[in-house]
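Dropping the structure in here first, questions after.
Going in written order, the chains are labelled A, B, C and D, and every chain counts its residues from 1.
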Amino acid sequence: MATKTELLMDVGKVREDFPILKRTVHGKPLVYLDSAATSQKPRQVIDAVSDFFSRYNANVHRAIYELGEEATREYEGAREKVAGFIHARSPNEVAFTKSTTESLNAIAYGWGLKGKLREGDEIVSTVMEHHSNHVPWFFVQDLKGVKLKWVGMTDDGLLKMEDYDTMITKRTKVVTVTQCSNVLGTINPVQEIAKRAHEAGAICVVDAAQSVPHMPVDVQKIGCDFLAFSGHKMLGPTGIGVLYGTEERLNEMEPLMGGGEMVREVHLGSAKWNDIPFKFEGGTPNMAGAIGLGVAVDYLDGIGMDRVRRHEKELTKYALEALSDVKGFHGFGLDDVERRGGVISFTLGDVHPHDIASILDVEGIAIRSGHHCAQPLMERLNVPATARASFYVYNTPEEVDRLAAGLRKVLDVFA
Amino acid sequence: MATKTELLMDVGKVREDFPILKRTVHGKPLVYLDSAATSQKPRQVIDAVSDFFSRYNANVHRAIYELGEEATREYEGAREKVAGFIHARSPNEVAFTKSTTESLNAIAYGWGLKGKLREGDEIVSTVMEHHSNHVPWFFVQDLKGVKLKWVGMTDDGLLKMEDYDTMITKRTKVVTVTQCSNVLGTINPVQEIAKRAHEAGAICVVDAAQSVPHMPVDVQKIGCDFLAFSGHKMLGPTGIGVLYGTEERLNEMEPLMGGGEMVREVHLGSAKWNDIPFKFEGGTPNMAGAIGLGVAVDYLDGIGMDRVRRHEKELTKYALEALSDVKGFHGFGLDDVERRGGVISFTLGDVHPHDIASILDVEGIAIRSGHHCAQPLMERLNVPATARASFYVYNTPEEVDRLAAGLRKVLDVFA
Amino acid sequence: MADLKALYQEVILDHSKNPRNFHSLPDADRTAVGRNPLCGDQFTVYLRMDGDTIVDIGFEGQGCAISKSSASMMTQAVKGKTGVEAEGLFDRFHELVTGKPAEPEALGKLAVFSGVSEFPIRVKCASLAWHTLKAALEAKGAISME
Amino acid sequence: MADLKALYQEVILDHSKNPRNFHSLPDADRTAVGRNPLCGDQFTVYLRMDGDTIVDIGFEGQGCAISKSSASMMTQAVKGKTGVEAEGLFDRFHELVTGKPAEPEALGKLAVFSGVSEFPIRVKCASLAWHTLKAALEAKGAISME
């Protein structure tokens, strides 16, 4: 088990970089345990955004002047950093979107609905998905007559891998899965799933919103065709996301958004698309967001993703032990931190999660309560809602102790 | 004609707020004349973004803790400000997107393709549109068998209003038009066009990317059904746009993006949408962007949009005279500044626009050259490209003088 | 500092653990479902009316302590009242929980919810059942609070 | 400070105003179109080959002074050369305009484009015709530079 001092060494330095961690909430120092919803930002990222607006704000790609050149260099530099971070073969495989949600919709519409899918084709998903990896496929189902199937889950929170044996058929065209559950923290065997998809001639789409921020991710090793994640969950600004796709898939994919930048030629009634990745970046992009994300990637690289993962693993282990001492605490998901990320969903006796969150808030502790945009998973777990604490680079064992103390306070209130 | 001192009084104070205007380019003070592409940002906006990330960064709507409450309050406050700015009946009529481009695609897919349009229906557009108001409708044409028509333009740069007489028929379901051309500056009679659309039972979609930033816009007075614009062109951050729609239209419109936030209920294979405007805000929104846009609206309101418009009118008048003294200068569009915005497209003898922009850049002057994402209009004008200078609140007659001097320098180089 | 004790008063905790009138009405002539998608709370309110008078009321569903106790106490408060009276009470109640109490004395026992005003995010919880009641009275089948 | 005179040298202006070999080749056996969507520049390059040797070359299209003069001077430089030699020349040229000239002496007259290296955004202009030549030699019909 992690000793406190062992962890604190690095974390103290990291925390210095996050201005928000100096603030108090209801008179208590903030304990932010909701990074799975959105992460906090280091001053390096905040400054990069300000710096863009203060020093070289200009439209990228089309400006033939110094500011525009600087903006384009930094924007494309950010693309290279992101590509390197996930081990893409080339920056051309990285398109900027506004969020994981846009990336997944872009795939569902662009590769699916407007591209390769036909009536009767099948898509294999899981019960563990976030709404953002459910609803876009419902669109394809409703508009194209494609059939959806969902791999089930064990009571431990593992995907029922054997479901793939029966659910993947020769009609399967897409297998989509979250790499890490935002509710249970379960890390799914995406490499294995991609392999099975490919064996059946299907493509594999990975929702990496909860993995890329928290662990080393190598798209080539996974072997997936598409992968989506958000900047705001990985120390980056809001309004910037990433759509990764192999060159082959991106080339055969239609654009979701039509507009400026994404076209080569426009005539009345017809247009020719630009090359990848630009054809997926219709409209003026979130330049500040992309540049800020590039700096977030630098920051995470500076720590090292192996270190990030280890830190969260130790913290999760510490938390699972500390919290299990709280009366009535019921945690969902695996005990084995090797197979789960730093996300702990729980209930506390029969106290409603909303009340837990409210009382913790008064203690300065920010956690989430609700269905976490995963209602089908909630139905599977047979709970209306859970409380959720989630960790990141700036969290400490002391904060876990405060959470445990906060939960005891909740019990006091409801005694 | 505007005397210099008359204008400078306010503008000097405004300029103080824009950090970037203190920088030099190639050793010369920056003259930024590309606000039609993207505007510069006042420190109030830059600070609002930093402040969000440094003090109360949290996910909106679903967080049951202090930070989330503050973020939600500011985010919804920004929506109210934007709604007030364009005189929407209610904040519910304002959805945040990433850009004008996303807003227009959301309408084309959500109201058109997935909503109300059927094969054989017709859409009346114009030759003057930006690619972002062309390409989304091409999608509808290609996927739905809808017919597109384009209202023509006079040599002066006015829409041929008489085209509407013949082009709008009982099959017309959508009439779409830019309120202000990003190439010619022409201000189109959108109120009249909306009226004609409605008389035929069609809806009216207005691309307001170049109008909302530069002049008072009242959606109720226009009477349009939808209106789209971008934050980055109106002193706001990048990656935030606005989709305005009347409650009736938004209620009958399908969402473009499926995901978190935009649903009320999700089950395996089906979902129920949230209320407007949330059903159009799938995924974690660009919170910092929206909040920054709210501050940009405050800033513009502080000046007063009437004043903004008058300033640009005077500057445009001054510029049209000053530039017409430059040998070989050929300006496109109307002479009458009452009917045009602060955008001047031009050519200079047979010097290619790219060379003009390059030489001006060395003089510290940032203008644009190219097709301005309006290739069909370029074809209509029968030029491969133009140079374009565009003005905003921070520009001065002295800067126009520097532009004129810069153009003389271009002529020297090519003498 | 926000006062937790004021929010979670004894009476409130008691009603949340032992909600009164917590059942459906088989002979209900008005029903409505209220949802707060924020936290997954959901209640159904059943009414039996005699003219404009609420002669019986029941509710079912799930929610946090605040929303459940509020629903429970609401049912007690409005039973026997006319629809108009009930809506008037809701107005008073809403003023209370949003920190602008005009006639707190009119609220009787419901005054225990005054602590909610310090927790703006909980206003929706406290008023969910009331909104649902209103929907039932107005014969709207369902409402949702975002 | 970036040096405009170095960019727009006399020779360059002359070639931009009076481009050489500015015509199609009716008997071309290789053709390619190159576009720079950034500025709308577009050139077609026509080649007549004898084995691997460029025996005749012409170009048509429109573009800025840099791209047009570069196209013009390119046609002069590669006429009579083999494809391999032409591609070698392109490599040297590219080094020159990106500010990393390895063997500037090999470039002859083309050395006038050294000023481009101070204007990174113009590198695409200067090399558009060359990329198009390469596409023609490799029998690719069209290229685009973003």
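Following the convention adopted for this analysis, contacts are C-beta pairs under 8 Å (C-beta built on N, C-alpha and C of every residue); 3 or more make two chains touch, one makes a residue touch a chain.
Everything quoted here is computed from the prediction, not taken from an experiment.
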Practice task
Could you tell me the distance, in whole angstrom, between the mean C-alpha positions of chain A and chain B?
Solution key: 31
Completion exercise
Taking each chain's mean CA coordinate, chain A and chain C are separated, in whole Å, by 38
Practice task
Could you tell me the distance, in whole angstrom, between the mean C-alpha positions of chain A and chain D?
Solution key: 46
Exercise for the section: Just give me the whole-number Å value for how far the CA centre of chain C lies from that of chain D. Expected result: 78
Practice task
Spell out, as numbers or ranges, the residues of chain C touching 2 or more other chains.
Solution key: 38-39, 121
Practice task
Scan chain B for residues touching two or more other chains and write them down.
Solution key: 26, 62, 64, 68, 265, 354, 358, 369-370
Exercise for the section: Chain touch graph shape: choose line, ring, star, complete or other and state it. Expected result: other
Completion exercise
Per the touch criterion, the pairs are A-B, A-C, A-D, B-C, B-D
Problem - Residue ranges of chain A in contact with chain B within the complex - result: 19-20, 23, 25-26, 30, 32, 34, 37-38, 40-41, 43, 45-46, 49-50, 53-59, 62-68, 98-102, 104-105, 108, 114, 127, 130-132, 134-136, 138-139, 141, 143, 148, 150, 230, 232, 237-241, 256-263, 265-271, 282-289, 354, 357-358, 360-361, 365-370, 373, 375-376, 379
Practice task
Enumerate the contact residues on chain D facing chain B in the complex.
Solution key: 1-2, 4, 7-8, 13, 38-42, 62-68, 119, 121-122, 125
Handout entry: Complex contacts: residues of chain A adjacent to chain D
Key = 61-62, 64, 68-69, 264-265, 274-275, 278
Exercise for the section: Going by the contact rule at the top, pick out the chain A residues touching chain C in the complex. Expected result: 26-27, 351-355, 358-359, 362, 369-371, 378, 384-385, 413-414
Exercise for the section: Sort out for me which residues of chain D touch chain A in the complex. Expected result: 35, 37-39, 120-121, 144, 146
